[in-house]
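See the structures that follow.
Consider the two complexes below, in which chain A is the common component and chain B and chain C are the respective partners.
== the complex of A and B ==
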């Protein structure tokens, strides 16, 4: 990425990204999202996860719920990414600007991912809390935050892609939720046993490895594996590349 | 090249790296759980003959239970790392052992346990390690159950982990290393145990309550068996014949002078002594097999001239390390602090000695105080000490089952000097037996028949002459003596839980007692160290702050609570005594004045009872007040503060934007 093209990419990307971020915080939508997310992320481990009962200075109670919280809340953000532009017709206007589709798609994705990351990092009081109450393994907690941010990125990229196909926000929300849910659960016994009757072992291994949750759990043990990192990077970039293809098709029509 | 072209390349690159990058890792865990430990590297680099490992996996299992597929990956990764480190001496292969295949027969023959997956379908998920150069007919597999797999120690060319349990992932490296050690260690050091206890378990026997259930070996014994060969010592002659690298005196019953002589001479010849004695052995259970044993042991087995002792009549205690124990009082279950049951931490191990290794989170139950008397030839290096707040409680306060913990708190005496509960003693005493071996006492244990059949003789005089025939007057090198003033810490209930996994017992440590014992045996018997590796598996991160608050509150309010409870009991008693007395006896005239007085008194007692009870409730509330207040604060801070911060920041940002917009408009005008 040291090519001069990267500089030109950033040149238009930065104002686009800022525009998106302004857009998110001009309406109270992102703030409502963050409030609900932070409230749930604080309350779930304490009230549902028996935080004081287990009395262990770690964040496993938070990160057990984290994928499911992200799974429900990210589609609510990503549904607005393209549906709004398509409905109001600003998508064509956007494409008349001297920017590439890649820049537009990246700017929109990174803006949503930033909001999600603010939400995830906003749970830091509980990290401070466990350090106050005991002496946790902070290395493991750090990897759990990394895993959650990467998982959030994958959900966001998939959500942005699906939002491009849907004129209605509700449709985008439900479709993203469904797709992410399946991708999260692919490694679970439910899905594996359903295909294990007929699928060859290689396919079963592939399906088990596709699970977004599986890689989240692997990193969350305290090990950042290059394979797991690039898995999420692949999901994100693949979804973005597809978005760009679709967007080019839409604007070319 | 367009941006999109770059992106396409990046997608392909990410896909490739996701596929081939697996295994390149940053291990962020505090204990480096996913990196080969230095112990493993040392052992694996030292493998002296080629070893081959077969990892039997059934595809049905991996297909139907994804957690096994993930665990298979973890095992394979670790095996690859070990193979890379071993300079070609260790190789591994994964063998698919499906139903009705010849590989399934191999797995069974190797000693793996089939896992019943569904009716009629058994699957395998275990390891068999064998010597490459072993004669095939010599392969004798033995059963292995848990992290201290039991093996045919001397002759086996194959060692197995019959079933790998994904629940023991944190001990995988320890388990694997045990397996390698088992085939790799040419000669394991001999360790003798002289004891009135039953660390190898007891058979079923009849007692006054009926038939007792047989018990298995203590977990520490199962552990030590993988690094040392353990022999029981019954008679003085056994000690001379076995000549172990280390001798463990475990809650020794009173020893005869002849045994003391043998122990002295053994130590003079460079033998290492590990003494676990306990002034109050909480786990003691009387047994017909050891009628002389009691719930107290001392250092009586050592010659008096060594002047080393456990301080008489007291046990160590420490309010800052004390454990909360469940306690039955007035028919209610309560948690109270047992001042003499302590859970130690790093700061209680002042010397960071190799003898204690890295273990520190250890539970001791009413340990004694190790001390050296003036004029002793020994110097004491404290290994485990109480905190500066530590002190002692009298042994009388520990009587009863359970003892009165509230009364015990009142008996605590702080100490000005540090309290040592385990220490290493070195010194060069002269012999306490200048006339040689004392004759055998009447009824003294006879030596176990030796395999060679050379020294068992029925003539007492010949025996006297036979025992250390050339006694030394002083040690050849200074004696090393480890004294731990507690036996309870070696009992399973204080540090390990047993759970059943596919009919195999799994040991799950909850404290580091086992690792401490392993480290002690390893360092004194010169065995290869596994203790540190076992420690890595224990992940316990308690809420220390809440525990401190709870303890402080108990210290502050317990005395008052006890006083009030006593007062309530007294008042109830008075009330009960008053009632029958106030009723006139049959045929007696009623004295109105007395009755009025009694009624007034009863009313007064009742009133005081109500007041005292309400005060007691208030004290009970105060006991939990601090902890509950912290819990409340934590709950509010973690649920409401961040959403409020987000809202406030948003409002502030909107106001600023609006102001700027207005300013912009007014400028434009």
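== the complex of A and C ==
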């Protein structure tokens, strides 16, 4: 993308993004999401994960629960993105403005991702606590935050795409949860051990590599591999590109 | 007259469209020039709103070409839509927003910044008389005000083409009067396409009438020709713009 193109992309993108952000924080949804997310992110490691009992100075207890928390809560945000716009008819106003479908899709995605990132970064008091109580490997913790944000981005992009097909928010929520759950679980030991009996190694590797969780765990070990990063960026861009295609089709009918 | 002013602001060429195999528009062609107010009339379901959605680029027609101020809607849709303001039927707006924030946001999306944006905002708010509700959220407004907010959003980019789907729908007689006055003022500098159910407002508002029935244009006439058609068929001694006469003309054209 050359710079004048990028300039004209930003021209309508930034007010569209601001509009989405205002939309989220004007209604109680973003605040409710953040409250529930932060409560759960704080409570799970302590009550379910024995955060203090393990007496280890790291955030692995937080990041064990994080993917599952994101998995359940992000569809609750993303379900509104297009379902709402289509049901109320405001999509007609939006799509007759001088904007490209790319600008609209990106603005909506980045706004939801921003809310998710605020939630993830909002767990920083736990990080401070760990540093106060012991001396953790902050490099590893940093990569875990990066991994969680990327994973959140992938769930968000998939959620936004699915929301486009659903007029009902609940339908969007359930479908997104189901799709993301399957994509997350493919890499779990449960599935891998079940197929490792018979499947060829190449298939096992493929199934493990499709998994959103697998790459989260790889990055979370403290080694940022370019391949793992690209995996998430690929998932995000693929879902967004598909959204752009679908949106052009939706308004054509 | 320069060559440029001879080009129509809006040109539809051979537009056909169908929903799920059911044809809704058949070979619609029309031009709208600066200074014209084109009135689309026709029975419910004739294809008026579909035509307007195609003009605004919200729907892509199965066949045919839409050109707005020289920009092809299929290939230069952003430039085409920059010259276009649209008041949709029903006007779904961002209900939780205040009028002030809503109009400023639309202006920013349309590319207006700084002083230019504030100036346009002031002009449009004055034109649509929204001063008293600027800081109210849109969901608290009456239907008449919602309509005017939607119109203000259509006007804020100062587009050359206005597409107004039932602009006077839901307004009281005073507001209708104001709306017509505003449309006539705007028409001097723009091309306007509007649809209406209210036949009395047709002669007062439109320079040309396009009658659509069953997805086809059945007549393109001046308001005088339209009324004459009915008068010729009836006793002929009634006043030209009598509602009954207009309704007779409408019935003659759209049923057969």
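Here are some notes:
FYI, the second predicted complex is superposed on the first by the 234 of 253 C-alpha atoms of A that agree within 3 Å, B and C clash if a C-alpha of one lies under 4 Å from a C-alpha of the other, contacts with A are read in each partner's own complex, and residues count from 1 in each chain.
What we mean here is this: contacts are C-beta pairs under 8 Å (C-beta built on N, C-alpha and C of every residue); 3 or more make two chains touch, one makes a residue touch a chain.
Remember, it's a predicted structure, so these values are computed and weren't measured experimentally.
In the superposition on chain A, A:27 makes contact with chain C only, while chain B stays out of contact range.
When the two complexes are overlaid on their common chain A, residue A:88 makes contact with chain C while staying clear of chain B.
After overlaying the two complexes on the shared chain, residue contacts for A:98 are found with chain C alone; chain B is out of touch.
Once chain A of one complex is fitted onto chain A of the other, the partner contacts of A:9 are limited to chain B, with no touch recorded for chain C.
Of the two partner chains, chain B is the only one touched by A:39; chain C is not.
Contact comparison for chain A: of chain B and chain C, B touches the greater number of residues.
In the superposed pair of complexes, A:137 makes contact with chain B only, with no contact to chain C.
Common to the chain B-facing and chain C-facing surfaces of chain A are residues 100. Remark: chain C residues 19, 53, 56-60, 77-79, 81-82, 84, 86, 88, 90-97, 101, 105-106, 108-111, 150, 153, 157 touch chain A in the complex. Contacts from chain A toward chain B in the complex involve residues 1, 3, 5, 9, 25, 28, 31, 34-35, 38-39, 42-43, 45-46, 52, 55-58, 100-103, 122-123, 125-126, 129-130, 132-140, 142-143, 187-189, 192-193, 196, 201, 204-205, 208, 214, 218, 221-231, 233-234, 237-238, 240-241, 244. If you check the complex, the residues on chain B that touch chain A are 1-4, 6-8, 10-11, 14-15, 17-31, 33-34, 59, 63-66, 69-70, 539-546, 630-631, 634-635, 637-643, 646-647, 650, 653. Residues 11-12, 15-16, 18-19, 22-23, 26-27, 88-90, 92-93, 95-100, 251-253 of chain A are the ones that touch chain C when the two sit in their complex.
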